[in-house]
Amino acid sequence: MRTIGISTGGGDCPGLNAVIRAVVKAAIVNHGWRVLGIEDSFDGLIWPEKTRELKLDDVSGLLSRGGTILGTTNRGNPFKYKLTADGKTQDLDYSDQVIRNADALGLNGLIVAGGDGTMRICHELARKGLKLVGVPKTIDNDLAGTEITLGFDTALHTAMEAIDRIHSSAESHHRVMMVELMGREAGWIALEAGLSSGADVILIPEIPFKLEKIRDAVLAREEAGKRFTIVAVAEGISLPNELLAPELQASEVRPAALASSSSSSVAKNATVVLREAIEGCTGKETRVTVLGHTQRGGAPSPYDRVLSTRFGVAAVDLVARNEFGKMVCVQQGQISNVDIGVAAGQPRRVDPQCELVRVARSTGVCFGD
Amino acid sequence: MRTIGISTGGGDCPGLNAVIRAVVKAAIVNHGWRVLGIEDSFDGLIWPEKTRELKLDDVSGLLSRGGTILGTTNRGNPFKYKLTADGKTQDLDYSDQVIRNADALGLNGLIVAGGDGTMRICHELARKGLKLVGVPKTIDNDLAGTEITLGFDTALHTAMEAIDRIHSSAESHHRVMMVELMGREAGWIALEAGLSSGADVILIPEIPFKLEKIRDAVLAREEAGKRFTIVAVAEGISLPNELLAPELQASEVRPAALASSSSSSVAKNATVVLREAIEGCTGKETRVTVLGHTQRGGAPSPYDRVLSTRFGVAAVDLVARNEFGKMVCVQQGQISNVDIGVAAGQPRRVDPQCELVRVARSTGVCFGD
Amino acid sequence: MRTIGISTGGGDCPGLNAVIRAVVKAAIVNHGWRVLGIEDSFDGLIWPEKTRELKLDDVSGLLSRGGTILGTTNRGNPFKYKLTADGKTQDLDYSDQVIRNADALGLNGLIVAGGDGTMRICHELARKGLKLVGVPKTIDNDLAGTEITLGFDTALHTAMEAIDRIHSSAESHHRVMMVELMGREAGWIALEAGLSSGADVILIPEIPFKLEKIRDAVLAREEAGKRFTIVAVAEGISLPNELLAPELQASEVRPAALASSSSSSVAKNATVVLREAIEGCTGKETRVTVLGHTQRGGAPSPYDRVLSTRFGVAAVDLVARNEFGKMVCVQQGQISNVDIGVAAGQPRRVDPQCELVRVARSTGVCFGD
Amino acid sequence: MRTIGISTGGGDCPGLNAVIRAVVKAAIVNHGWRVLGIEDSFDGLIWPEKTRELKLDDVSGLLSRGGTILGTTNRGNPFKYKLTADGKTQDLDYSDQVIRNADALGLNGLIVAGGDGTMRICHELARKGLKLVGVPKTIDNDLAGTEITLGFDTALHTAMEAIDRIHSSAESHHRVMMVELMGREAGWIALEAGLSSGADVILIPEIPFKLEKIRDAVLAREEAGKRFTIVAVAEGISLPNELLAPELQASEVRPAALASSSSSSVAKNATVVLREAIEGCTGKETRVTVLGHTQRGGAPSPYDRVLSTRFGVAAVDLVARNEFGKMVCVQQGQISNVDIGVAAGQPRRVDPQCELVRVARSTGVCFGD
């Protein structure tokens, strides 16, 4: 009888609990294995005190529940773990401890659900000998090696419903309404949530935009008798040079990175700067809504519940076949797997020439370019 | 400047309005064409009085709206149109009239969104020379030639949310709760809605079942301390011989076909017969809920809104390239197209050996076999 | 330190878990009491083996969860408990045992959430000396003594969303769509769900209807260019004489009571009979959807979550003041309480002259009278 | 035959379209009157060019649609209308023009749905002789003279669902999650959305709070094994002195008013300041989500659909009885009406001693006091 571990890493995301459920069910029902729940991503292998066995009863009701019962963190890289003591912060390497503890727990395999950061750590730990299988999850959908990641479809629902709500407000008040969506590296949420909620302008990191194009789109709608405009904005957009403060124009720094909604900084972020610019050049009242963390939570959609179950079962199957160092994935619409090193690479970004962008343009969406 | 037509056929389905919107937008914005809305499927080409031009303003707000502004019907096959006069019902062939009227309206192309019945008619009309492009839609997801049809994802949402609701009832009352889902030929909705809502038993037309297996599943849950069971049932299941009335045992007739929820017949349908049988053999109070037409309506999900936009644009692209007699589709996860004859063939049914069924079994789902 | 009990009786209903949470929190946080969870309504006082203490941790997360963790039943009246042994069914009186066990458990008060059936039992047990406080819950909203019951608002949501979905289907197919809603004695759900979803015809037990009035309403819409009609039907309607089978015309028997959706009977229920009649006299395709158990489940609405918390706290306050034999309630929009005997009386039915019915008529709703 | 007008003023709000529908239906169906739709609040009486008749067809489908087809604005006070010309901004008095135009349009009555600002204007216009009836709407629920305003219940849904989503994120990441809700003057949304989503801390303008009480609540949860805390914050809270910048401590200025989410200002708003303070004193990662405009939009809840229909019909009834200068309202749970001057008074704020606040405290909610 094998013992396997399951943990969840990176930002939280709908469907993590469903993966845990699927792994536990497939391991116990199908194979008769024992499953250990590792708490708080790799922290639970550095300090394994809270590791607990997960039985069928422990995963009852998890399919529809957002979040992760195992906890998660997007801070604990065991190769350079930030610890602060006596006012000094140090980066410590706990990776050997992770390997030792996995061994001490008797793990014959560890399934880790995570995003790109987590997959990079998995890749390194796999090279040190840890028997790992990855499950791709991130609402941003930007993980390399898979056509879709767990959580994206649910995030689209939340974002689309929010934009639908804002739509009636925009229409009633004849405003420009901007909605800032998650996506630092890639504009998938802004693109698909924008497309599915009828956004008139979609701004994503992959397509540089000019203010005048947005102004033209707003005014063209005005002329056509539509007195409002919806602008879907990915948080990771780069402002055009004209909108950058002089001290930033020469640099590579992106304002969006300076002032996230979660940060205490009060520097203007890209969306705020752009709001002023749009209001200024169109003369139309312009408002911003930042969807923020609501995009990460909630009960998963049917697609994500089915996908997490398929991913969980596929991950257990890889462990059963002793195929480690892999990540389960979707390729050509089918469940498959790739070397975890692929997922640890550059994020998958929106190709500005891709079919989805062309479809959006064909239905009149302005990308500001 | 071309003139194209758009119509919607078969049972209604979320995303039809979004297809109409995408076709109109892509035709006008991208090509500068003129679009005619054909009413009530092919009826609108037999009697084209209500045909009207669709401009950009006419499709404003359609993305999120269920149903179809063009109307639909699943009764009007122009090759054998049932007309009743003087108490006599006749099958009339109006196909030539369809061709003539399409010509008279100046159509350089006709885009038809429909299911298998509609695609069969399209196939025959294409052979008579009508310049057709099909768009696959049916909540049942059983159209040949495409991996997914428009409307399926939204139907899953509706079904999953309903089963989630029934779940709390089942649990509180310690009952067996059966939920009858759409799917006469294929069990896709029952399979995926069941999987995504944690159904314990899933019964589909493609996998013959035995009553004793269901009983065993219910009793095994009881022993494990779970005092309720959720059974997802496709409306098209065949009852095992033991449950058929003597007069039906020798025949090919499926009881489900005798007494749909929409029929006035009071013959017991398969689900009702099965309910009695389960209650009888388990001793547990057993209830049925028939989701019925709620599965067909409502605002489309983000997936279906994006898919209908992609399908609509792809259909216009086919018309622009004069590629007629085709249906747009999803193959290997990508937008593509197939000969419309493929879609007119046998419905795409669930392969009992497919990955999804295996995944369900791996997480403990009982298929009654 | 007091010990109090909490139990849930009757059909399940959104908000029961939220009541349990509020009672446990208020008793522990506010008073430092001990709370016992009584299982399966009064069954748990007849056979108290599964009674367990409920601590704060046990009610964590219950606010948003449908159903009841304590289980419920609408069958176990302790004054005439149906038991079947050796093929013989007997009505046994377990009421003394209930009193004895409440005493043995050391209960200084028992809070019972339930509908009219449960309140009747509470009333009798209170007269036998049990220190009871009732909490009114039923999706039907027909409990005497309170302006609103727990669960009604959530049931309206479920029903309204379902009718909204059916609306697009009706419109696309130019059909008459009938939706059967819960309500055997009173038409509250049909009235308010119908009103909130724009139903054209609303049929409730309190207002006798004539078929010709429904026909006129359907045809008037047809003439006004609306090719569909939505009919909201309470399950408890009485058919007009003209539609009753001869053998029923002389009797008091209501067909709806003969064939509920949960029964195995295949006698035509009132909705099915009416469907045929409407199709017959209007010539329009007419379909029925029975919402059934979906109306009872699911996460409670904000109104029901707040109401259950208020009710739970108010019930604990009554126990603290030793005011037993009462039910908490809403009167003139405020939380109050009444003698439990009031709630045990006749159900609260829709007054055909009330403001809500007049409002519906003023906006063009047809009640068939 | 009378002619009446209907307009919508102030911030947009779910249920406005449903009021328009009810007014039009009741006026036409019940009385045979003519209804004029006045655009953009009082702007449409200053410049009545776009006034149009509303017939039954124009209000079809409006019951479920958010926003207002008549447009709205919260800027155009006809008594001091801000106009900017040649770089100079002037306050102009257009009130006589409003009276004249109402007369010229032949209005025998004007129904205005609005919040406190709109009711103040109505009150003054009524004194100048305009025959007005008000309908109370604001998601903030803080209008004097009515127990509930249109839009509040729907806003609670949106807020509660968002907090439910954030809940799973908070739990997975062991964070303090703050959610900023609308409510500048009154904390109704924060109070009821907080109560209905199980917030641990609720901060409202009516109850001054101390940072140390929040810290204690967070740490007490930590000790009880709950590693996260949800804080619902009304946007209108006043920071305690200790958290104000020195230059603000002596003044009356509230930081929240300085930097709304819609403003371009980058001054720290109260929520941002508080976030830093909570993170600082608890040592726990603390994040903010600002729900913003999503609270104003979307399809109305069943409660709001029924309420807007009742309000609309009641307003038409007042016009029919020539009772002007009144606002329809809810009092003691019943539809009633009050002098519009009442509604024009001080906003209705949360009484810190009221039953709802006591209920929240009884279930362990911390108000920071």
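As written, the chains take the letters A, B, C and D, and residue 1 is the first residue of each chain.
The rule we apply is simple: a residue touches a chain if its C-beta (ideal position, glycine included) is under 8 Å from a C-beta of that chain, and two chains touch if they have at least 3 such contacts.
On a predicted model such as this, the values are computed, not experimentally measured, just so you know.
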Over half shared or under half: which fits the residue numbers at the contact of copies subunit C and subunit D, same or different?
same
With chain centres set to the mean of the C-alpha atoms, which chain is at the far end from subunit C?
A
Can you give the whole-Å distance between the Cα centres of subunit A and subunit D?
33
Quick one: report the Å distance separating subunit B from subunit D, using the average Cα coordinate of each chain.
42
Where subunit B touches two or more other chains at once, the residues are 164
Taking the touch definition from the header, please name the shape of the chain graph: line, ring, star, complete or other.
ring
Can you name every pair of chains that touch?
A-B, A-D, B-C, C-D
Contact residues on subunit C for subunit D in the complex?
21-22, 25-26, 29-30, 56-57, 60-61, 63-64, 147, 153, 156-157, 159-160, 164, 192-193, 195-198, 224-226, 299, 301-303, 305-306, 309-310, 312-314, 316, 330-335, 355-356, 358-360, 362-364
Per the touch rule above, subunit D residues touching subunit A in the complex are 8, 11-12, 14, 16, 40, 65-68, 71-73, 158, 161-162, 164-169, 171-174, 177, 227, 261-262, 264, 266-268, 272, 275-276, 279, 287-294, 296-298
